[in-house]
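Two complexes come next, and they have one chain in common, chain A, joined by chain B in the first and chain C in the second.
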Partner chain A sequence: MTRKILMLGAAALAMAPMAAWADGHLARGGSGHLNIIYWQAPSTLNPYLSGGTKEVESASLVLESLGRFDDTGTLVPWLAAEIPTVENGGISEDLTQITWTLQEGILWSDGSAMTAADAVFTWEYCTHPEGGCAQASYFDGVESIVAVDDLTVQINFDQPTPFPYTALVGSESPIIQAAQFADCLGARAPECTEANFGPIGTGPFVVSDFRPNDVIEFVANDNYRVPDQPHFASVTFKGGGDATAAARSVLETGEFDYAWNLQIDPTILAQMEAQGNGTVVTAFGTSVERLHLNQTDPDPALGDLRATAEGGAHPFLTNPVIGQAMSMAIDRALLVEVGYGAGGQPTCNVLPAPDLYASTANDGCLVQDIAGANALLDEAGILDTDGDGIRELDGVPLQVLYQTSTNAVRQDTQALVKQWWAEIGIDAELRNIDASVFFGGDPASPDTFQKFYADVEMYTNNFAGVDPQAYMANWACSEWPSPASQWQGSNMQRFCDPAYDALIEEMAGTADLERRGEIARMQNDMLVQSYSIIPLIHRGGVSAHANSLGGIRMSDWDSELWNIAEWHRIPE
Partner chain B sequence: MTDQADPGISRMIQERPPRNQWFDVWDQFKTHKGALFGLGFFIFALAFILIGPLVWTVDPQFADILARNSNHMLACLRAGGGPDGGGFEMVRACFASPEEFSRANPGLFLKVSWSHPLGTDQLGRDMLARLMTGGQTSIAVGLTAMMLALFFGTLIGVLAGYFRRLDGILMRITDLFLAIPLLPLLLVIIMLFRDQLRNAFGPEGGIFVLIVVVIGLTSWMQTARVVRGDVLALKEREFVLAARSIGTKPSNMIGRHILPNVMSAIMVSATLGIANAIITESALSFLGLGFPSDFPTWGRILFDGTDWLSSFPERVIWPGVFISLTVLSVNYIGDGLRDALDPRIRGR
Partner chain C sequence: MLTYTIRRLILAIPTLLFISFIIFIIVKLSPSDPTANLPLTIPPEVREQIRDSLGVNDPIFVQYLKWLKLMMWDEPLHLIDGWFGTELAPPDTPGSRIISYQTRSPVMDLIMQRMPQTLWVVGTSYIVGILIALPLGIISAYKQYSIFDQLGTFISMLGFSVPTFFTGVLFIVIFSVWIDQDSIFWLPSVYDTTLEVVDWDTFVLQFRQMIMPVMVLGLFNASQISRYMRASMLDNLNQDYVRTARAKGLGERTVVLVHVLRNSMIPVVTVIALNVPAVFGGAIITEQVFKVNGIGQLLIVAIQAGDVPVVQTVSFIFAVLIVLFNLFADILYGILDPRIRYD
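For the complex of A and B:
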């Protein structure tokens, strides 16, 4: 009997430190060290000087904003005490003013207090006329930002703004410390190397060492407002390599705990995951891989007029029947299976999320229907008259040049789509262009996606945050890229419909959420049913984390690392 | 009288019947084992890519999506070994009816079929057909670009070496070309001329002309330098002096006396040039500057396969073997030809 008690006592004694450790890992710094790999390396930690995801997300460990979007796309108060709305009086009735109240007692990592003046300074910093602020669009329409008192920030807009949660919200427009950046305004912004490489923030971590384009070392912020967070004592944020190597380092070798943006072949990723070291996580935001059908004529014979309004309409892609047949011929589920795996879902909408804005009117395209597409074209009188297997419309053969960026998954998609189109009598010539050229936006290059010197092009676009107003306004007639606008503009396929422009105007003046959802769905349906755009795949962010890492709530609406303070090591 | 005075010579002529010098070249060539092997493989490769598609008529661009990621038939050998292997019977069953065998033994992770003897890629495109069509492009690019480079290299090398007045300017031009980085030049050329060539020769033909011309125009410099050096040395030799003393014109001098003697240097450049052209073409395809992505070339197939190196190594091995053996065989052929064409070595 005594022996048994002794044994039990010994066992209890042995367990005691383990129990303590199990609790300890949730204390500040109790989880030890965290290794993160981003295969594109950050070059600065000032998100206002670089629009790249890698810079924004690495900086989100240090810099914070008034509110952040969680994994469901809901805006949650972060530095603010609550989210201002019309109901709680935070937003004025005429929708031109929003008033944020900061939480009390927030300290910068150097121990000084954060005040509304820092928020005002951030606005001045980003909107300085001599500076090239990468996130200036977040301050579009902001007339002034005023510090009413130490804890109250008032943002005034120059017109009614139904969705005012842009300035100082989300990881792309965080608040920076006025004291640190005071001498870095305007043209001098890039010169402040020390501040840009080691910004003082309110976030859970502090930069201890930054090597541009290589590695960042962080340690826990002693002045962080939540007493037991962050759970990790230090973070190594490694940049560089490629997506496959990053996935391997988490899922196979276990060198890293978290890897970002793993767009690699789903079969390969699944094989890695099957080894049981880590888990692949996805988050769906608003990214949609789509085809744009050029509505203007890209014929090289037109010279400088190609793909412009003056060059005339496209000889056959303006005919919605052809676009519809092209859409029907595509097996989206198979494209997902071959190229995207868990990171994609078939979609028929340009605007697939949030739920409020997602239309269901076009879901017929989810099922491939080659026979139906052929019948549709036959009915419309678009027939193969010369027996070469390619249909003609008014004597013009349906031959398209189909371009996209260089990426193994995209080239596979191209090959499959080409084959399906061949089955309905449309011939595609494939072209792939280096991503840095294609998305580079250089007005001198003929290969940019804005110039669109091709008939069909494929890429992914999305919008940050949760409000689609600005995004859907991309397809206004005035948004055509053209030589006059230095080929800037976001209406890539040159869609133009006065009724659509009217909806854009209505959206800008509507505050009621239900009505906004309705308008957005109507806009989406107009776009999709014009068949100038063929949505293919709703793409999610794909990341991987070690199985021992807990607390991850991956969000595609904000930085993936938005809640890193809550991440912790799961005791084995 | 004269006939009787010279009996020995007439007997010698009867003993060695007249024969073309190319027979001697062939006799010498035959003694080089590597060259024979090289010639054999090169003929095999040519037959594979030219006659193969007539026999194996599968469309290399057709994606048989249900058969994607198939293994090659040799993977059947795997059924015999390993802890779950069933010995020779299993292997025979696998070769006899591969589809049924793969379905019946899911534990072996085999997906084989005689309709794709070398397997398929991630979209179900037949590897055998892709290797054949890919080889046509790769070898055509290699040979054409090499000939172009050889033509320019020899022309400039001989002119620079033979005519002193041209030497300075031609060699400075050579230096200039050596200093041009290839890839930025290609970017510019492709941007400037792609659309015109596409209209003139079609998408694939246009790129073919572009790639061949660009590779040819950027790889003649080494040949030119080597040839010039040889010509400079030859020019001082006695037989050239003798030829000149009887009033041989420069064109005859070059054609009859100089060129045959620099042939070995040219041959070596040629063999290196083919390898260089095949590899440059694959680098271009990799950057998206070459042929359309669905148009197979050996370099392209190799590049596409690298992502699958751990699970489907054969996708890299097949094109890799073809590229390296082709390059090696051409090198050996060049080596053998050089020996065979050199009268000093011939007959030893």
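For the complex of A and C:
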């Protein structure tokens, strides 16, 4: 009896894909039409001219790169036949050269063959000095790209590059067609409106209509290399509105199949999901919402020397005991519950992923400990001597100005943190600045996150791809934003430690993955334990899809739509 | 009348130049950066290169004069070429069109692409608003303090004071969420701008998707105009000529609809004409709620993205329309009321 049931089950399992074949949902175009809504509408389909997520992800339906990162962050070959490594001879022993071999027979959607010359052209296009290419950093350190033959692309670096999978890898540096963009180099780039709005690609879909900041219509690419893909025959990619409306159109009204970036009140999102039309999905990459504690003195009395090395150290935030107490006082789990829901996890690391680089040394911060924080401060002799409820260090009261960008979730977080800090005798004054000013980087504005004319600031940062080398190098002493560098620089909290700089050096010369992981974890721990930075929340992308949509493997390492060719309609 | 019109048109030129300069300065001096919305993973050197390639770093007067020359000379030529198939405009070279920072495409093309949606939705709502407002205002005034008047006053107060982002979302919750998708009363919450009306079925689809945005805006417009209509009717109903008309033995219908209405329409027509530029301006909030990607949505997205050329060009076109329709209203006034003469 049991055996019979098992066999029946096995037979049913074996039959399942065939049933799907039978009604054609998994044939090319067999699933019909797909509706996607991005509440921020793409402005162009040329990711080299924009750099925004919405443009990169919409273009990823059309343009492809040599390799991509799947939902686990693993690099998989895409246009290339395999991933080059030192072992298979694809990367030279001195780490200055990587050789990619293209798959045979890849065609552009216009029917012409894709060759290594297109890859070379893409590099020339993006590195043209007058082009203003938004993805130029992907080609940093690339000395030349050479087409050895039609299927072989050789990338030469000007120095040993232990992680060479940047140029032409991932959704942000895809290969464009040389024939189409030949007259669009440099200053001429904006004139090629037709090419920018309808790039010819090797991907599963072809643009049939593009309306900037509004809607894109795609149809399946007849020349796509996988015979039965894409399963959808056409895609409407609608933009506009707001996140709540986008969530509603998938989870409540069912007008759309997929909605992107739903950073809305988690309780509202949960209510919508409870209607049973769709599912909320999340993917975690490297985004961390964090507090930076200014290590320099932002006192307005210093004038032009505010928040610079010359202005001197911060009167109390350079003391790690205070930073540690501030971190202990925060209930990260509650912050997630209030503001992030499924889209956030408490974290104690600046570098929370991939697994290889994630440290476990700081996990103590996950539990709020106000009593412990108070005891720590008492023990260090930082006491409230004048009875006003605020502790003093050497006569300076622990009063901080806490700034962030204007955003409902961030203001909720600010209010909660202010309350917890009040319980340990630290007074916070809250301030929020419009995001376009805060992140705008205008050297004339006093309110940018680089100038950091405050004691504490909060925002999210991450890095693209899976390799943290460049990201961890952000905290080098030389990276301080200062008047000399027009306030550009990525070491926002002005952390400086020669031992840390030595680790950056070592990382740049190490190819062994295990050792790289070890160094990255050491860097993370040094940063976190300096208490100049307080990681709060590991943030993920939140999207929603209709229950009838199958094949979704959401990735935060690449475009969310990286495997759209495999998406299909689940037969009812 | 003709000399007056010509005089006003000539006077409009310095006005518009002044307006264009003020708009430019305001937009330029506001802290906005076209690269501000890019992901933080893009390093500052690359941002600086992007700003350079957009011309953001040019001296401010150079930027203004460049824009002014394109706006006054090249873009109108392109427009004429587009309409009549001529080839007056110089061929495209770098700097021969006003280019949007976000899309890197000519701003005028964006505006032309957005115009139909806006005119359809906002224009229809304006007409619907007028059609509701006029009878409502007339009857309310004629039967002052009746139940109908009280009800009309209540509804227009409600329509005027409840913001469209509330009524819009309320309509969506009722007609798109609560009502079952298969019901004929279900209405789409997302406006499909790619829909082309080619046959009866697509016409029905277009009609259905227009109902909600048009009604939300129409109610708002109706409440505003009906108040003007009512007040103007009340002013005239107590005039001596009305008593004379009645004394002559004319029917109530003729008295109200011919004598009173014609005179009451004078200020109302002016109000309607002065509000027409707002139709072109789109309805930023309503367009956003229903995802009708019209001019209003173009403007708001451009403001958020620090896309100076788009903000400037769209605002300038509004300014031109406002100046023109002011003139138009003044002329109309003279035609409707023989007592007013400008010469």
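By definition in this document, the second predicted complex is superposed on the first by the 549 of 572 C-alpha atoms of A that agree within 3 Å, B and C clash if a C-alpha of one lies under 4 Å from a C-alpha of the other, contacts with A are read in each partner's own complex, and residues count from 1 in each chain.
Simple rule for what comes next: a contact is a pair of C-beta atoms (placed from the backbone, for glycine too) under 8 Å apart; a residue touches a chain by one contact, two chains touch by 3 or more.
Just so it is clear, the structure is predicted and the values come from calculations on it, not from any experiment.
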{"item": "Fit-or-clash call for chain B and chain C when the two complexes are aligned on chain A", "value": "fit"}
{"item": "Chain A residues touched - chain C or chain B, whichever exceeds", "value": "C"}
{"item": "Partner chain(s) touched by A:561 [first = chain B, second = chain C, both, neither]", "value": "neither"}
{"item": "First, second, both or neither for A:240, with chain B first and chain C second", "value": "second"}
{"item": "Chain B versus chain C as contact partner of A:267, first or second or both or neither", "value": "first"}
{"item": "Touching partner for A:133 - first (chain B), second (chain C), both, neither", "value": "second"}
{"item": "Which superposed partner A:445 touches (first chain B, second chain C, both, neither)", "value": "both"}
{"item": "Chain B versus chain C as contact partner of A:178, first or second or both or neither", "value": "neither"}
{"item": "Chain B versus chain C as contact partner of A:430, first or second or both or neither", "value": "first"}
{"item": "Chain B, chain C and vertex chain A (Cα centres) - angle in steps of 10°", "value": "40"}
{"item": "Touched partner set for A:536, first chain B, second chain C, both or neither", "value": "neither"}
{"item": "Per-pair minimum CA distance [chain C against chain B, superposed on A] in Å", "value": "6"}
{"item": "Common interface positions of chain A, toward chain B and toward chain C", "value": "445, 447"}
{"item": "Partner chain A, residues of chain C touching it in the complex", "value": "31-33, 35-54, 92-94, 99-100, 102-106, 109-110, 113-114, 172, 176-177, 181, 188-190, 192-194, 288-289, 291, 293, 297-298, 301, 304-306"}
{"item": "Of chain A, residues touching chain B in the complex", "value": "244, 264-265, 267-268, 271, 300, 334, 338, 406, 408, 411-412, 414-416, 418-419, 429-434, 445-447"}
{"item": "Interfacial residue positions of chain B with respect to chain A in the complex", "value": "61-63, 65, 68-69, 122-123, 125, 191, 195-196, 199, 203, 287-289, 292-294, 304, 307-308, 311"}
{"item": "Parts of chain A lying in touch with chain C, wherever the complex brings them together", "value": "37, 41, 43-44, 46, 49-53, 129-137, 187-191, 193, 196-197, 209, 211-215, 217, 236, 238-242, 245, 248-249, 252-256, 435-437, 439-442, 444-445, 447, 459-464, 488-490"}
